[in-house]
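Two complexes, one shared chain (subunit A), two partners (subunit B, subunit C).
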Partner chain A sequence: MLKKTAINKISELAAVLMEKGTLLAPVKEAAGFNFREISDAGQVNLHFHNTIISPKSAFFPQMEDFVRYQTGKSILEAAPVELNLKPVFLFGVRPCDVKSFEIMDIHFSGTGAVDPYWKKRREAATIFGHAFDLNEAADPAEFYHTLGIGAADPQGSDIFMVTKDNDLLFKSITPKGKKLLEELTMLTEASAGDRKYFEDYIARGHDYKTRFASVEPKAIATEFESIFDNREFWKNVSNACLSCGVCTFVCPTCYCFDICDETLFNKGTRRRVWDACMFTDFTLEASGHNPRTNVYQRLRQKICHKYSFSIRKYGVISCVGCGRCTRYCPVNIDIFSIVEQAVKAKWYKRL
Partner chain B sequence: MTSSFKSIEENLKAEAGKLLESGRVEIVLAYGRGYDENHPMPFVAKHPSDVANMVFNEYCIHNLARYLVRYPRGTKIAVAVKAADCRAVIQLIQEEKIKRDDVVFLGIPVYGMKNPKTGEIIDSKTTCGMYNPVLYDVLLGEEVHGQKIVSPYDVLADYEAMDKEARWAFWKKEFDRCIRCYACRKACPMCYCDPCFIDQSKPRWGDKSPQSHGNLMYHLTRFHHLAGRCIDCGECSRACPVDIPLYLFHKKVAKECEEMFGQAAGMSIDDKPALVNFRVDDSDKILE
Partner chain C sequence: MTNKNPYIPMPVKISRIIDEVDTHDIKTFRFEFLNKEDEAGFKYLPGQFGELSIYGKGESPIGIASSPTQKGYVEFTVQRAGAVVPGMVTSALHEMEEGALMGIRGPLGKSWPLEYLEGKNIVIVGGGFAFTTLRSLINYMIYGKNRERFGSITIIYGARNPGLLLYKDELIEWGKRTDLNLNVTVDKADAAWKGREGFVPAVCKEVAPGKENAVAVICGPPVMIRFTLPVFFDLGFSKANIITSLEMRMKCGIGKCGRCNVGSKYVCTDGPVFSLAELDNLTQEY
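Coming up: the complex of A and B.
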């Protein structure tokens, strides 16, 4: 089913979705775009390349409350925080980010241990994927092409959107998306020309070039295993690393978290908060021992987790090439260059 | 520009090569190629052959003084420094984190440095506004003279026009956007505490979750830890992924310190940090 609406009528669509549930869409903020819960339909802004923080926060918010308690009282009086979600519409997600949800599903529900918070939020959501603008050059930091993701791949979305001149075309991909599209009566029927444009656009998405390196998952896992103990390599690539958490916080596939008890006077909340393997205290043990005291060990962990351990455990590279880590790194460390070096340069042999 | 970026780059390569070859230093901290021209990276040269990979252009904004404390004491290091970076090294010497004899200052006289994210010239807006390093062993270009001198405190005009309540509201709003990635403290050459107070768990000074009170605790404490020490390189603000204008607070405190104690941070290796040094004639303004 293919429908359409004029782009300048997007706030009307937003208003309808807000009536049906919670709408999360790109909003322009001081530093750039981010997905936010929309309170005013006029806020929705699709003139963006991609957001600063990835849309993972729709399902895995930086802070998620689990239990509220009072100190000094019985544990039986502690109250679990229930998630009562209205339907959620996640609007305008780029194809590489849509792919990240599939990878995150493995960690949060695919391995047997199911995270109820992630699962509930996933089930409540309808995803409106949105193709990149193929007439615009790719951001120099991006490399989703390397991971086999097209700039206009509809897989993983419930409804996929393509811009055609002043119109926005909507195609239902899943039954859930189809049902919703049928309900959105303010959208009009697309023409045969629109249908052809849509199909051509998806095909053209595969020819749209970001940075590219030939990466075969098993081969790259082996490569990283072979250089794991090569301290010179890791020290060299981490010389500039500040060991801050920007890369992991903006990353769509980083999922490490900490469970914190935060108490004010006698009222406490046990909550989950994003953590980062780049932080010094991430691996700090209760004894005071820290197995990763050096920056190179932490950067190695981050890269090997995505390009080696994840492949060995689940068969997938845990990276979608969105380029956020590179774009927001204060010192311009580029994961793509590190992977490229590991694959082909073998520079360490000269030492 | 008195010396072009290209000629500074050539001088940097030549001088770094000489220092490494003669064994005068073990390490040269400079700039190297990043993933494209607009994104150079901090770079460490250990062999004379490494210098071929050095670059210098208007996007080499990083303050390399940040990396000095990462190496064991006594390591002989040459560091490429712009004016503010040079002040950071001096401040680190004042604070006895490094020794003067262990550092070779490769001074870079320069103006027109740009923020790669916005393309905007940062000279006095987010940095100290000086063009020439205050101390150097080798100068990698000709000193800049005749360029208009702009006070680094000029950008405070709008901020200073706010009253107390407005400033409180301003910072609360800005800090509510903080995601606690700690890029600001990690990019800061003067933030070398290990562990940082906010990472301590006994006692815990602030919550880990990105909420108002924890964010305020972190930023306000960090601001005050840097009073009289911040050399106004602006790296904290540029490192911030959500563009919180941290430089405004640092500049304001630096200005007040300068007025009260007649001393700016990192201007001379013979100074003592303003808040460490007690002088009978020190200002009592803060108590009024």
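Coming up: the complex of A and C.
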């Protein structure tokens, strides 16, 4: 099913979605765009390239409250925080970020114990994917093409959106998306011309080039395994790293978290918060032993986790090439260049 | 979210506290579940661990010291941390009294490979405080008819001095059995000590357990491990037949939080039990 609306009427659609549930959409802020819960339909702004923080926070918020407790009182009085979610509409997600949800699904709900928070939040959401603007140049940090993701890939979205001149086209991809699209009566039927435009656009998405390197998962995993102990290589690439962790916070596939008890006077909350392998106390044990005290070890952990360990454990590269880590790194460390160098490291060794 | 939520601890009562050592910084806590269904659901094997949970302080991953053959309760032997980093949970635990309520999550992780150990001669080597899950394994193997499932059992257990030995009453009981070869040693004896004196690696050399059809299960401080492994290599033990348990900082215990990641493994779910052969395939960052 393909429907459409004029872009300048987007706030009308936003208002309907807000009535149906919670709407999360890109909003323009001082530093750039971010996904926010929309309280005023006029806030929704699709004139963005991509958001600063990835949309993972829709399913894995920076803070997730588990339990409220009172110190000095029995554990029996502690109350788990129930997740009572209204339907969530995640609007305007770029194809590379949509792909990240699939990778995170493997970790949080597809293997081993099921994370109840991730699962519930995922089930409550309908994803409106949004193709990149193919008339606009790719951001120099991006490399999703390297990971086999097209600029207009609809897979993973419930409804996929493409901009056509002053219109926005909506195509249902899943049954969930189809059902919703049928309910959105303010959208008009698309024409045969729109349909052709939409299909052509999706196909053109694969010709739209970001930075590219030939990266085959198993081969790259082996490559990183072979240079894991090459201290010189890792010291070199991490030379400027401040270990600030911003790369992990903006990343759509970084999932490490801490579980903290925050108590004020006698009232407290046990919650999970995002954490990062870039922080020195991440692996600090009670004995004082810390297996990763050096910056190069931590940057190595982050990169090898995505480009080696994840492939061995889950069969996928845990990176979608969105370029955020590179874009927001204060010292211009670029994961793509490190991956490229790793591929070439064996030749370097021969020199 | 409450019943099946793996992040929410089950309520337990501390039914017994045993002060294990002269320095009073290691205690064994016996917990009883408040809910029968939690007790029934807590099916564990030696080598697994649990998260001890105190609201307002946090959680600590600790190996289970009791054996599943001991019904009605579960025990954890906990050292008070705090010499280097502030051991919030362990300190709070050490201040608690019998009858107090707190939380447990678990059982977590993989157990000692019991099926693999069956029919084999078992050599258990423990040093100092790292004897807790080995105690669980020993009590499991010597319980009733379980004993028939294993070959000879040799135990080498050492502590710095006699006052630091754990489970002293059980050591006496085990010493009386004829189906166990128990070797307890201390680095430095005191006037009252009538047993063996000497470091664990030296005692291993002396006892010299045979490699035929044998598996060594070794837990101890890094320095003990470093000097004990060469002894077992000299005795001809293969890396697949030397098994140990790793420590790594943990939070969730269920393979989600990413903290205990070593190479492609999570220590909490893929371990903590690993053979040396398996560890050889991991990155050496633990």
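Just so it is clear, the second predicted complex is superposed on the first by the 345 of 351 C-alpha atoms of A that agree within 3 Å, B and C clash if a C-alpha of one lies under 4 Å from a C-alpha of the other, contacts with A are read in each partner's own complex, and residues count from 1 in each chain.
Quick note on the criterion: a contact is a pair of C-beta atoms (placed from the backbone, for glycine too) under 8 Å apart; a residue touches a chain by one contact, two chains touch by 3 or more.
Owing to the predicted nature of the structure, the values given are computational and were not obtained by experimental measurement.
Comparing subunit C and subunit B on the residues of subunit A they touch gives the larger count to C. In the overlay built on the shared chain, the residue A:Ala192 is in contact with neither subunit B nor subunit C. Of the two partner chains, subunit C is the only one touched by A:Leu76; subunit B is not.
In the superposed model, A:Gln62 makes contact with subunit B only, not with subunit C.
When the two complexes are overlaid on their common chain A, residue A:Asn239 makes contact with subunit B while staying clear of subunit C. Within the superposed three-chain model, A:Asp258 lies in touch with subunit B and with subunit C [touch as defined at top]. Look at A:Ile52: by the touch rule set out above, it reaches subunit B but stays clear of subunit C. In the superposed model, A:Val250 makes contact with subunit B only, not with subunit C. Put simply, subunit A uses residues 258, 260 to touch subunit B in one complex and subunit C in the other.
Against subunit A, the residues of subunit B that register as touching in their complex are 34-36, 38-44, 62, 66-67, 70, 116, 177, 179-183, 185-187, 194-195, 199, 207-211, 213, 235, 238-243.
Listed in rising order, the residues of subunit A touching subunit C in the complex are 66-67, 69, 71, 74-76, 78, 80-83, 107-108, 111-113, 115-116, 120, 228, 255-261, 263, 268, 270, 272, 275, 277, 282-289, 291-292, 297, 301, 304-305, 308-310, 312-313. Of all residues in subunit C, only 1-2, 4-9, 11, 34, 55-60, 81, 83-85, 87, 90, 101-103, 247-249, 251-252, 254-259, 261-265, 269, 283, 285-286 touch subunit A in the complex they form.
Against subunit B, the residues of subunit A that register as touching in their complex are 29-31, 52-53, 62-63, 140-141, 239-240, 242-246, 249-250, 258, 260, 262, 264, 271, 273, 276, 279-281, 295, 326, 328, 330-334, 336-337.
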